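Both of the next two complexes hold subunit A, though its partner changes from subunit B to subunit C.
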Partner chain A sequence: MFDTLVRPYLAIFAARFLTLLQYRAAAFAGIVTQFWFGAIMVMALSAFYADGRGSPSISLAEAITYIWLGQAFLGLLPWNVDPEIALMMRTGNVAYERLRPVDTYFYWFARALAWRAAVTLLRSIPILIVTSAVFAFVGLGAWSLRPPSSSESLALFVLSMTAVVHLSAAMTTLLNISVVWTISGQGINVITNSLVLILSGMVIPLPLFPEWAQPVLFVQPLAGLVDIPYRIYFANLSGREALGGIALQICWTMVFIVLGHLLMAHTMRRIQIQGG
Partner chain B sequence: MPQVAVQDLSKTYRVAERRRGLMGAARGLLSRTHRHIEALKGVSFSLDRGELVGMIGPNGAGKSTLIKILCGILEPSSGHCEIDGCVPWNERIRHVARIGVVFGQRTQLWWDLPVIDSFELLRDIYRVPEMRFRPAAEALISLLRIEPLLHQPVRQLSLGQRMRCDIAAAMLHSPSILFLDEPTIGLDANSKLALRDFIKSLNRDKGVTVILATHDMQDIEALAERVLIMGHGRILRDGPIAAMRAETSGERRLVVDFSKDIGEIALEGATILSRTGRRIEFAFDPRVTAAHTLISRLTADHGIEDLSIGEPTIEELIATFYTSHGAVEA
Partner chain C sequence: MGAVRLYGRYAAASIKAQMQYPASFVLLSLGQFLSTVVEFIGVWALFSRFQSLGNWTLAQVALFYGTVNIAFALADMISRGFDVFGPQFVRTGDFDRLLLRPRATALQLLGYELRLTRLGRFLQGVLVLAIAVGLLDLSWGAREVALLLSAIAGGVALFVGLVVLQATLAFWTVESLEVANTLTYGGVTAAQYPIEIYSKWLREFFTFVVPLSCVAYFPIVGILGIDDPLGASRWFLWVSPLFGFVFLGISLMTWRVGERHYTSTGN
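Up next, the complex of A and B:
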């Protein structure tokens, strides 16, 4: 049972995860970029809150927390195609993927999970520490990442973030499969990039969008990447609402897995591995 | 019962055609024209357990397509195939667990990982129990002499080293059938010899069935008793290499080094194949004109420094065969 269903996928997950943890220079560059963007967004939000009329649905402190969480976990966004898989498609090495006695979809899912998780793990920890502890210490308390509202919020947040990793991997795998049709993957990156950034809440927190758009924004799948877990963190969503949000994340993850699995089966029947 | 049974396998690719130039590209956005390429046109053969069969044919003959179908990663347009009671493309996962595959132009090792990590990853992917994996891996490592390479990342290996590791990787799960697609491509003479020895011992000592597609005729001559010659998506010939040699030619070669420059020369009973400086290569049919007759004719008129008689090389044989069957692409 373990051998059939878990062992190969766990092995590829572990191998990819450990390999990616070695890329510390890239992580460092990423961290610097994230601080820069985070700081600009925090300043812009502060200005809007100072001059804005009407009452926003989340406080400035909450919005800043939202921003920093977003920067810390930016690596989890499924905004691009796995360059390894894109290369495999171009060179035809994808043939070897089909020669493995595994379900190719879950094989790729495990790979995507490792990729998103490893990249994020390296970057998130320093950002979380600096924006929460260090900021307060050096007198930037107003701009700092606030602690979670309660231990219950924290527990629900961790649960929700676990869902994020899976949702992101499911979306990434779907993107990866689509490379079979487009070969390069560049075009897909351009389209998904802006879509994901805006609809997840990464650019402007979703609660700050107009009232009438809220129901739609909440149920669309990309909210499950950023908006739902972060609002759980500062208890903007709590209790049954929080559980509902997590259920929504899980549902979307399932939908993307089923969709990806179907597309993979369809694609691999039609794929023509050329050359060699 | 044969281990591999292939009946009337055909494969047609549908390829989108690009029109020329800017206007062509613009029209291509609206409507695409497609071309059909028949890569395989009714291929049939069968293999018994423990056979070692060579597969040759010019580029585009359909060798790679056939191998991909047999491996289960490509579905044919029509026809039937069964390997160990499995239809490869219908039961892919069950099938690929029992075969080993090496594509000489690609690697199945993880570029950034040390070789041993790739091996262990494959062990888990193929679900090989540790107690079976260890002896199998140790045997392969010592036979292929890759012990010193195990802790190097794959990207640092030379082509010959990488290929030895790749072959070991294909055998870690002890498959009963091994597909090799140009395994010696780009290798130096020593690496080729080592690889051939290894393939031969796998086949002879372990009884592994081997299907070897190659352009290297020495591979064929050293390894394969039986050869499938492919051309234009068909099997043109299926049989022992010796029989083909006997049939295509009793032809012999006579290479002569003259002691001084000579002008035009005609030798009755032989045709000139090539001349370089004072060396001339003749072809003749010993059943028509005996070698000693030719030699005495030559020595009567010219001073001769050295001469030798031989058979055409296997490359020449195959080239003749391709041309006579129209197997080479226009």
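Up next, the complex of A and C:
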């Protein structure tokens, strides 16, 4: 039972994870870039908060924590199509995917999961360590990533981040499937890129948007990628609200998995293989 | 053929090539437009909550934002050859062919590609600038227009200078260093707000090392007609864009040093 149902997907996950861990130089460049962008954002927010106006629902320290968590876990965002799958579509190698004795949807889901997790793992740890521990030592305490509010928030945060990885993989897989129609994948990256950045909370923390927008921003699926887990981390969402947020993440993950699975079945019946 | 006419030929060929894929051109331009528009939505949202950024209003910040985006879009449009210099020319040894031609290598690299998709960011910058001009009650005389145009021109020179320096490094490292993006893209992001709001070390870096504030902060303060909160004297606000060109000049001199140092990877 285990052998046929789970093992192939675990093997796919492990193989891809190890491949991606090879790109250490790219990760280093990425980390430097993210410190820089994070620092600019932190300085701009500090200047906005300085006058004490606007009665934001999160404090400056919380907003800064939000920014650094965002930079650390940037790699988890489902902002683009897997370039290898896009290449598969162009070359026609996608035909091989149909020959494998596994469910193609969950095969691609496992790939996406490994891809996002591996890229993030390499980049998040140094950013988390430097922004939390090193900043305090070098006199940048006001700019540092604060520890979670309580052990309960930390536990809920870990749970919520686990949901993020799955939500992101489900969205990525849906994007990957859509490449079957557009072949290049470029067009899809263009639209999703901007939407994901603004609606997840990466451009500015969602609680800083106007109050009238808050209810809509909370229930839309992209909040589950950034906003919900980070607000759980500093207990802006706690207790029942936190559990509600996690339930929302899980619901959206299920919706995207069901949608993706249906779409995969539909497209694979009528797929045209590029020859050559 | 003069350098300008030759560049015209290069540009025309590049435009023709890109127009072979009109759908791709439209989508990528749209993407550039959207991804920069969401940045401005973020700025707008912060102002709608906090009302002001220190003493700066949204309309004033929009003037900084629009100017630097226009300058960067234009620089990004023309400097593609330098941007891909490491992987496309040094590693492959293709730079040898450029050296054989009786023209400056910098000109040939400028002619490598004119990236029209950057029109997306350019249009967004123009849009934000237009909003700013509409909201601000400024007197636009010939002097103000000239200062705005020279700020944009100086900004283009500065950003091209940064990409040239990045390419120069490739003479030694072969690969392009992605870290250089922190200065180009990171510079635009920083200059979208008035430099005055940042910590002293960052302000000094962007004034004395990479003179970004000379093209994206001081001239705009001059156009706004206010006293510089950082205390620069008025005459300096009006000549500051020149430092963008000085920076480009130094970059090109460094480029020539690198060029002499070049040894082909062979092929």
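The criterion applied here is as follows: the second predicted complex is superposed on the first by the 273 of 276 C-alpha atoms of A that agree within 3 Å, B and C clash if a C-alpha of one lies under 4 Å from a C-alpha of the other, contacts with A are read in each partner's own complex, and residues count from 1 in each chain.
Everything below uses one rule, namely that a contact is a pair of C-beta atoms (placed from the backbone, for glycine too) under 8 Å apart; a residue touches a chain by one contact, two chains touch by 3 or more.
Just so it is clear, the model here is predicted, and its values are computed rather than measured.
Once the two complexes are laid over each other on the shared chain, residue contacts for A:Ala29 go to subunit C alone; subunit B is not touched. Shared-chain residue A:Leu10: touches subunit B; no touch with subunit C.
Contacts of A:Asn93 after superposition: subunit B is touched, whereas subunit C is not reached.
Which of subunit B and subunit C touches more residues of subunit A: that partner is C. In the superposition on chain A, no contact is made by A:Leu259 with either subunit B or subunit C.
In the superposed pair of complexes, A:Asp103 makes contact with subunit B only, with no contact to subunit C.
Of the two partner chains, subunit C is the only one that A:Ile40 touches; subunit B does not reach it.
In the three-chain superposition model, subunit A touches subunit B and subunit C at no common residue.
Here subunit A touches subunit B in the complex through residues 3-4, 7-8, 10-12, 15, 19, 91-93, 95-96, 98-103, 269, 272-273, 275-276, going by the rule given at the top.
On the subunit C side of its complex with subunit A, the touching residues are 23-24, 27-28, 30-31, 34-35, 37-39, 41-42, 45-46, 48-54, 177-179, 181-182, 185-186, 189-190, 193, 197-199, 202. Subunit B makes touch with subunit A in their complex at residues 13, 64, 68, 71-75, 92-94, 96-97, 99, 101, 103, 105-108, 110, 112-113, 117, 120-121, 124-127, 181-182. Those residues of subunit A whose C-beta lies close enough to touch subunit C in the complex are 26, 29-30, 32-33, 36-37, 39-40, 43-45, 47-51, 53-54, 56, 184, 186-187, 189-191, 193-194, 197-198, 203-204, 208-210.
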